[in-house]
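Going by the order they are written in, the chains are A, B, C and D; count residues from 1 in each one.
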Amino acid sequence: MLKEHGLIDLENVAYTYSGGELLSEMTLSIASGAFYFLTGPSGSGKTTFLKMCYGALVPTTGTITIFGQDPRKMTRDDIALTRRRIGVVHQDCQFLDHLNVVDNIALPLAAAGQDTLADGANLKELLNWVGLGHRADALPPELSGGERQRAALARAVIMSPDIILADEPTGNVDWEMSQRLLQLLVELNRMGKTVVIASHDLSLIRAAKTEVQARVLRIYNKRVQLAGANL
Amino acid sequence: MLKEHGLIDLENVAYTYSGGELLSEMTLSIASGAFYFLTGPSGSGKTTFLKMCYGALVPTTGTITIFGQDPRKMTRDDIALTRRRIGVVHQDCQFLDHLNVVDNIALPLAAAGQDTLADGANLKELLNWVGLGHRADALPPELSGGERQRAALARAVIMSPDIILADEPTGNVDWEMSQRLLQLLVELNRMGKTVVIASHDLSLIRAAKTEVQARVLRIYNKRVQLAGANL
Amino acid sequence: MTTPNDDSGFPISHDTSRDRVVPPTGFTAGLTTFTSAAMAFLVVFALALALAANRLSDRWSAALAGGATLRISAPAEQMGSQLAQAIKVLKTTPGIAEARVITPDEQQALLEPWFGPDLPVDALPIPRLIDIREDSRGYDAQGLRLRLAAEVPGAVLDDHSRWQGPLVKAAQRVWALGLFAIVLMAATSAAMITLATRAAMAANAQVVAVLRLIGARDSYIAAAFVRRFTLRALFGAAIGTGVGALAVYLLPSKNDQAMILSGLGFQQLQWLWLLTLPPIIAVVAFFATRQATRRELRRLR
Amino acid sequence: MTTPNDDSGFPISHDTSRDRVVPPTGFTAGLTTFTSAAMAFLVVFALALALAANRLSDRWSAALAGGATLRISAPAEQMGSQLAQAIKVLKTTPGIAEARVITPDEQQALLEPWFGPDLPVDALPIPRLIDIREDSRGYDAQGLRLRLAAEVPGAVLDDHSRWQGPLVKAAQRVWALGLFAIVLMAATSAAMITLATRAAMAANAQVVAVLRLIGARDSYIAAAFVRRFTLRALFGAAIGTGVGALAVYLLPSKNDQAMILSGLGFQQLQWLWLLTLPPIIAVVAFFATRQATRRELRRLR
């Protein structure tokens, strides 16, 4: 069953906040190993879509299947275990403000009961990748906006998850840094990870297209559509 | 004295966090009525600079003069009164999560003891300008990332301040919306308000240059420099 | 009664929109209310205990009232004159309110437990007793003894308080302990309300940051928190007092033999004392939160 | 003593890294510690009061021990035989531990307050007294009276407990009230610690959100909070107990006349009871926080 479908499958999914229907009739499949961009105007439902993908929200109608499981039928422990296979970069990156950057990035390892120290070398490398090598001992409130986003990305990939869901991971960083972060995600994608990036930054998407075979999902008029080659 | 100088004057200002010197030897003046962009790599000190401009941080060395006053010599009440003349858009927009969008935007009026209802008409107009007319009754945690940024901008301008300091006000909104917000700021500038926008989005800056005589401040190597026409 | 979410009626500020900036709910809110309620409840009990002890010590004090007995042993033919002489002495002793010769019948009753009802008091050469009540000034027992020795040779002064005093002292100690417990709980309440306020302020650091950012003065921010917390404390104290009063009222100790500890409980006007409890706790909360808010605002600069 | 920020030594979990995810400081932390401390302090006092009352009621009960006096009025020539007869009856009455004829000297001493030292007890036709101590079973006063009426015509049984009982009852009531206060405070502590935990959880909603996001199980999150709060409660209770014990120890009530309320205070082994207080409060805190955490985790889904 997992073979036939993607990592995450949506079937006729709709989502309604108290305000009204936001997303509807979404049927699509996030294919394993693919690289996706998710775009659409502000308030169109990108974050909502991603939240359904990692089980933080359940569809109002329709069915979503995450790694072959329906989140409605999963216990909270099941959801916790599933989350370890999903790296999430939240739009408003949240950290434990009393732990320093390294500890925050290594937190998924601690929560999964893995030894933090064994991965010490990797951790350092990762920190340098996101340009936070010199800020390792800083507390999250001492980071700049862009630094926080990079730390969130580092935390999302530390468990080497099967799929990475990043919500505007480059919203607060300069062009050079955003290229570097994109590079990191592209490399992870080449290692077989699935990547979904929500972004309104069309120039970023264009730049990525030169590096990777990216598919662009576009939320328009409550529907998610696969955008063509033209952007 | 206020005549001769700008709204905010920095003289040989340096700022040092516990980590080390971040900004140094900054001598510049924010001229009344001008339109500034503040740019620089992530972590270069844009937010720090803006925080000094509204008195949230005081320089480690050197002197900053805000509306002719030295924040080091101001009481907390003085600072509060000064803040009413400064509209600030924080990078991580903060709201009172238990009040709805309208009340949050009108909060500066309430804190200043002004009647909220008298400005009712304006408030509605402003909400529509930032595209939040339909979300007026929502609570801040129910807003999307871009919606929050727009609400923060609306709150910053509601008191009709002398100067607007906006930290990445378009980091989470799509191109179309960012143009619209820029338009709002340009109009305010035409009405005589001083505007300072910290942003790493060069295309936004380029777009603005066609509309307004904008000066670009660039943080580079701990110094703030006025960038030339070439960007 | 004003509920904590109700903005009307408490005269700290007329600007009711002001404390809307403080989130209305949350567990620090519940904590303050509950703390006040619990403390008020305990204070009601301590008060009941203290008042019962006070009543008891009053009653015993009154019963003794510096009570003393003058015992006169004399041959039957001198008894009359010695009694009269003793009364004369006592009447002229400052500090003695009353001196009364105990009649043979009363004496018979007093002795009955020891000798049975058939004792011929009149026929026996037993001493006669004079009951002495001192007034508020008290009398000088030593001086009285000296005078009596000179003028009424057969008289012996027996001072009851020598052996009944400890009873009164014990009751007074319970009363003092009750007051001590009340002071202790008031201090504890104040400390807890202070801590709850600071916890709430810390939890609402973002609220403070936002208000600072938009140019709210410290006094504006402080007033919002103080008002909110004072109202919560008042509300909690009212509930605690009410429940406490009900519990004291329902305590099954009324129909008991009222001799020693006349049961916990308030008498008539004492119930009115309870009405002062909630305002007192609210005032304590007011100053505690004001202090806490100011400190926290300095800290969160 | 383990401090709340010290991760060693408390055997809830060996994974000491675990509760680092809960912010170590903050006023909800102080609140929990202070609440436990205050409650432990008050419990120490309530315990002291209760124990003092218990001692008192024990002493009085023992002193009375169902104490009674048998008074025998008889012509001098029959007195000896009636006394002997009465003792015989009493010795065969079930429930009476001891019966002792009070000697003339003792009787003289008892009567001295009333008649002075010169009373010729022997020469007077005053009754003789027999002191009766009942054993734990107690005796049937009514039955004894009937037997005595038949066999010892001059005997009258005077049951002390008739008028001394209320004293014992009063002391027992103080003891019961002390226990009641302790239970009340334990309940209050539990409620406050629960509220403090929930306040802390609410204030740390972001911590919970982050931990959920990165795939931490509820049990992991809960354990961190429970451990932290149990340690804080233990720490606070230890401090409160220590300070309370010191205060009781220093209370100036020792050299007082020990007759009625023998002073607040603990005697010898009773001090050891105090050692059990902190663990008990910690256990209460453990269950209170576990309950609170689970509920809060469900709420913050």
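Keep in mind that, in the parts below, contacts are C-beta pairs under 8 Å (C-beta built on N, C-alpha and C of every residue); 3 or more make two chains touch, one makes a residue touch a chain.
Please read all numbers here as calculations on a predicted model, not as lab measurements.
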| item | value |
| --- | --- |
| Chain at maximum distance from chain C, centres defined as averaged CA atoms | A |
| Cα-centroid distance, chain B relative to chain C, in whole angstrom | 62 |
| Separation of mean Cα positions, chain C and chain A [Å, integer] | 67 |
| Centre distance in Å when chain C and chain D are each reduced to the mean of their C-alpha atoms | 22 |
| Chain A and chain B: spacing of chain centres that average the CA atoms, whole Å | 30 |
| Residues within chain D bordering two or more other chains | none |
| Residues of chain B whose C-beta touches two or more other chains | none |
| Overall pattern in which the protein chains touch one another (line/ring/star/complete/other) | ring |
| Touching pairs among all chains present in the structure | A-B, A-D, B-C, C-D |
| Chain A-touching residues of chain B, taken from the complex the two chains share | 17, 19, 40-43, 46-47, 91-92, 131, 135, 138, 142, 144-147, 150, 167-168, 171-177, 200, 202-203 |
| Touching residues (chain side chain B, partner chain C) in the complex | 56, 76-77, 80-84, 86, 88, 90, 94-99, 103, 107-108, 110-112, 155, 159 |
| Residue ranges of chain C touching chain B (in the complex, touch as defined) | 17-18, 20-21, 23-25, 206-207, 209-220, 301 |
| Interface residues, chain C side, partner chain D - complex | 26-28, 30-31, 34-35, 38, 41-42, 45, 49, 71, 73, 110-111, 113-116, 118-119, 124, 126-127, 129, 156, 158, 165-167, 169-170, 173-174, 177, 181, 184-185, 188, 191-192, 195-196, 198-199, 201-203, 253, 256-257, 259-261, 264 |
